[in-house]
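You will see two complexes here that share chain A, one where it goes with chain B and one where it goes with chain C.
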Partner chain A sequence: MMASTIALSLINGVVWGCILSMVSLGLTLIYGQLNIINIAHGAMYAIGAVVAFYVATFLGSWGYSLLISPLVMAVISVVIYVSSLRFRVVGYPLSVTLIISYGVMFILEQLTLLIFGGAPRYIPNPLPYQIGFFDKTYPVYRIFAALFSLATIGALLGFLGKTKMGLWIRATSQDNDTASAMGVPVPTVYMFTFVLGSVLAALGGALVSPMTSITHHMGAEIIIDAFIVVIVAGFGSIPGTIVAALILSLTCGFFSVVTSPVLAKGISLGVMIAILYWRPEGIMRY
Partner chain B sequence: MKYRLLLIGIFLLLIVVPNFLTSFYKQLLIEILIFGLFSLGFDIIFGFTGLLNFGTSVFFGLGGYLALLPILHWNVGLWIALLITIVICSLFSFVYGLSISRFKSHYFVAFTIVVSMIFFYIAMAKRPLTGSDEGLTIKVPPLDLGFVSLRFSHPMVKYYFVLGVCSLVFFLVWKFFHTPYGKAIIAVRENEERARLLGYNTRNLKVISFTLSGVVSGLAGALYVLHLGFSSAHSFFWLWTARSVWWTIIGGVGTLFGAFVGPGVLVFFEDLISTWNPDLYLIIMGIIMILVIILAPQGIVGSIQTVLTKRGK
Partner chain C sequence: MKGGNMMGKRKIIFVMVLTLIWMHLGAFSSEAAEKKPIRIGAVYDLTGGLSVYGNGSNMTAKAAVERINKTGGIAGRPVEYIVEDGATDAATGLRKFRKLVQKDECDFILLSCNSGLGIGAAPLAKELDTIAFSEGTAREITGKKGNRYIFRQIDNAEMAAIAMAQFAAKELGKSAYGMGADYEWGHSVVDTTEKVFGKVGVKMLGKDFSPIGTLDFVPYLGKVPKGAHFIVAGYFTADVVKLANQAWELGLRVPIFVGTLQSIRYEDLGPGAELVWCGTYGSRSLDGYPSDVRSFQKAYRQIVGLDDEGWDRTGKLSAEYIWAGWEGVYWVKKGVEESGWTTKKDNLKFMKALEGARVKASPEFPTGSKMMRAEDHQVIADIYVIKGEKGKVVTKGCMRGEELLPQYPPNVDFTKEALQ
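What follows is the complex of A and B.
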């Protein structure tokens, strides 16, 4: 009984870790490229979920939201980049960009509240099946969500490794001056990276929407998780991000069975802090 | 010199003005002073030391509970409660500052924001100790001045007490940053490498500044709890950090006085918008923050100082 409860919560941890990896990768991309900690990332995640709610309600099928949420977010993030971040990207202290993204977070979150309202809403599970697991059952949809996140991460790695734009992104994050001298259109690459990272947040929100209650402030918790994951991972490290996300969600899953869910959040963050203390340069060097 | 006269003038104004205000605006003024003290704590660590502490809510919440719990459980007086707050807050922030003094920029931000969230989750989980999100209520003890004992809940008593504490702390911090030791801390902000090469122990300087900031923020938390007679786990939530950040940024980073101007302008502004449409407040707040940081990064007080010095030349 106890063993199967712990096993289930660990599986939950893996599923959540996969989604968190995808969302954090968006943050990692922006951090590694523009050196911005985008606090508004959580609000973007919430917008992804809210758009998914409207898609599921008005178009009748949640499935379209996997396409529509990222598209909506791409438009919003272009507006954010062009209107404010563009002016203050390279060579400005961390505090300036951090405070801009802070302001963006308030604007996005409050606009979502104005449009969506404060009450939490739900959408029906698009895959209402369960699979047997020892003496319990497990929803199929969560396994789909984990696999979809992994597929997205795989596609992202392929994109970064194989395409011209991917090469430009990697070159610019290593050395923007040299990349610029070699003919890479650095400003375009910056904007593209910002949009790509934001799209990953929206996709995460859309993917989570059938699993939880959808509110305008649902991003407030995941931003802290994603933030510490990115820092613990090491500067812009993609494999590090995945490992750190799994560590965080597995400890949280384990301790939520042993103690209370709220305390488990605190303990898992404490574990991340301990890792950061022990290896401030990050858990992975590449 | 002119600046000093201006400060004394404002101080005298603050002594006289509340006699002509309604009770609602007296409460508002008390809150402004307390929030100003809280922002002052952030200004010390960010504006004067260059460390972006994104977890000032730890001190705010901790200071509040340190004042509340002794009053609730042991029935201590007001001064003892404040003394406990100051002593434990300084010990806590000293140890905290010592343990994170080797972190910089992103790592420092990550560390402080996550520590504040850990405190928040623990406070939410430990219901018997903190009252979780419903919080705990106390009956605030009277203000004992030796020869007379005053009812603290009286608005004028509360106002003058808060004004006294805030001006004293402001004066001490101001003096501190004019001593050689305080100036060395500013040197760390300007260029840490260079300060170290000149022979300063930059780590000690940062820890001292962190401790000072923690005590000031904690004191603000204690005053806020005494003002409301109430504290909940939400005082550890990062929204409080956010408030101290935007009050300081808009008031003027690194000016000390700006920390009070920020909440002074914004609390009235919030009151004004809230009567019209409360949902719009944070949107307008976000837009103002972005505009200020792009167009006038010195904030209100910094911009006025720049204009005045230009005219002086």
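What follows is the complex of A and C.
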């Protein structure tokens, strides 16, 4: 019983680690490129899930939301960037963009509450099957969600490594003045990165929507973990983000079984603090 | 000598004039107090996880105040209503409580269903000499953590467990596993259910409390022992939906007894909706009320805009909990009118008037006849058992207040508490 429960928690930890990596990568990209700590990332995740709910309700299939939620968020994030962040990114102290993103978070959350209401909603599981192991069963959809997250991360790495825009993003991230002198359209790169990071949050929300309850404030459940992951990973480090997300999810899952859930959360955060003590710059630098 | 007499007379006249002025001012201020509006402040959670309760109670409290003002006010005085957002956070709620009293000069405060706020408000209410009505349902709000300034116009988690106990052994099984949010209310639901269900032979095989805002219950559901016939869950709103669906996903096909189903639709409980039970404070559907209450409930629903199935005009708020805002305002009215309360100096008279007060089912008290028990300021009212069935949330039973009373003795006596 105990062994199977631990195995279940570890599998579940890997699944959540993959999803958390994808959501955290959005934060990492935005911070690494624009030096913006995007507090609104959780609200964007919630909007992704809410859009998925409407897609599943009105189009009859949740699957479309994996395309529509990111598209809706792309539009919203362009509006946010152009209206609030465009002229306040470079040369401004971190606190300015922090306050802006905090305000954006409130606006997005309250608009979602106004439209969606405060009651939690549910999307029927699109893959309502279970696989058995030992004396337990595990939902197939969760395994799909983990694989989809990994595929998305892989696609993102490919995009950053193999495309012209990916090269521009990396170049601007390292030295925006030199990149600009070399003809890289830095303002466009900034906006694109912000949109890309926001889209990852919305995609995470859409992906998680059949696994949890959908509410206007559901972003609060994941955003703190995402920030912890980004800090422990090393700001801007993509491989570090994946490793940190897995460590956080696995320790929390494992200790939830062998001790109380509250203590487990404390232990997992303790592990993250220990990592930071050991490597103050984060797990990986790049 | 003569001059000395004159001085003495002048002093006497001066003192008399001062006394007359003082008496006149006193009468004037008393007259002014009688005409001054009574201010009812409310700390409701308009945003955050409890917003489905806060917005609902705000809606019904506002409707009650409008109705009272149209019919002559409270003791002839108009009523002003000021609401603040507690944001589902006890610390924020306490700050708003202080603001409503010190800045807005509210005379009475209605508190949200956030039990953390209900408990934290007790010492603050005493400090600010302001009577408050809490909608939180953790037992201790009207127990050892309460005081004479706090009244509760709604039943509590232990009373819900007592109502559910009649179904427990027959419908749910003989062994349970407890899960709850790790704060006052979550513990209250699980611990009081364990105590109450124990009396009908139900054994709790274990219990676990998770942090508020838990992302995923799967690791905790994995710990539910095979022998558990049902789960007792001290969670609300989004967590209930999450728990019911994740339990089903994991292949757990056992009933779940939850702390609340406020504004949760049958379809959002997922494929396991029929397994979800709840002990609650009102019926969602009109036909779930006993016949002697139904006509009053219908009148109230028409005024505040709830349909017979228990949904508001937006279709987002359900009926079973949110009447507490409405009845809270009418408890203030009853207390003021029966005690002759004019200002806070009459708070003790107000308390004494409500201690042991009984009300009959009426449009003002549309959930039925009830008593505000003197010792612990806990209302003793009818309580309902609801569950998912045939596509909707239906009422399976109602325990009347008089049946509940002997099973739920007070554990404090506030009537002996002297005011500062």
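The working rule: the second predicted complex is superposed on the first by the 284 of 286 C-alpha atoms of A that agree within 3 Å, B and C clash if a C-alpha of one lies under 4 Å from a C-alpha of the other, contacts with A are read in each partner's own complex, and residues count from 1 in each chain.
Assume a residue touches a chain if its C-beta (ideal position, glycine included) is under 8 Å from a C-beta of that chain, and two chains touch if they have at least 3 such contacts.
All of these numbers come straight from a predicted model, not from anything done at the bench.
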Please tell me, clash or fit, for chain B and chain C sharing chain A in the overlay. clash
Regarding the shared-chain residue A:174, is it in contact with chain B (first), chain C (second), both, or neither? neither
Now for A:273: first (chain B), second (chain C), both, or neither, which partner does it touch? first
Using the superposition on chain A described above, determine whether A:227 touches chain B (first), chain C (second), both, or neither. first
Kindly classify A:114 by the partners it touches after superposition: chain B alone (first), chain C alone (second), both, or neither? first
For A:215, decide between first (touching chain B), second (touching chain C), both and neither. second
Does the superposition put A:256 against chain B (first), chain C (second), both, or neither? second
Between chain B (first) and chain C (second), which does A:265 come into contact with in this model arrangement: first, second, both, or neither? both
Which of 7-15, 115-123 or 151-159 in chain C clashes with chain B after superposition? 115-123
In the superposed arrangement, what residues of chain A touch both chain B and chain C? 109-110, 113, 260, 262, 265
Inside the complex, what are the residues of chain B that reach chain A? 46, 52, 54, 99, 102-103, 105-107, 109-111, 113-115, 117-118, 120-122, 124-125, 238, 242, 245-246, 249, 279-283, 285-290, 293-294, 297
Hey, which residues of chain A end up touching chain C in the complex? 1, 5, 8-9, 12-13, 16, 109-110, 113, 117-122, 124-125, 128, 130, 135-139, 141-142, 211-213, 215-218, 220-222, 225, 252-253, 256-257, 260-262, 265
Chain C residues touching chain A in their complex are 47-49, 51-52, 55, 182, 208-211, 213-216, 218-220, 222-223, 225-226, 237-242, 245-246, 249-251, 263-265, 267-271, 314, 316-318
In the complex, chain A residues that touch chain B: 31, 37, 84, 87-88, 94-96, 98-100, 102-107, 109-111, 113-114, 224, 227-228, 231, 259-260, 262-263, 265-266, 269-270, 272-273, 276-277, 280
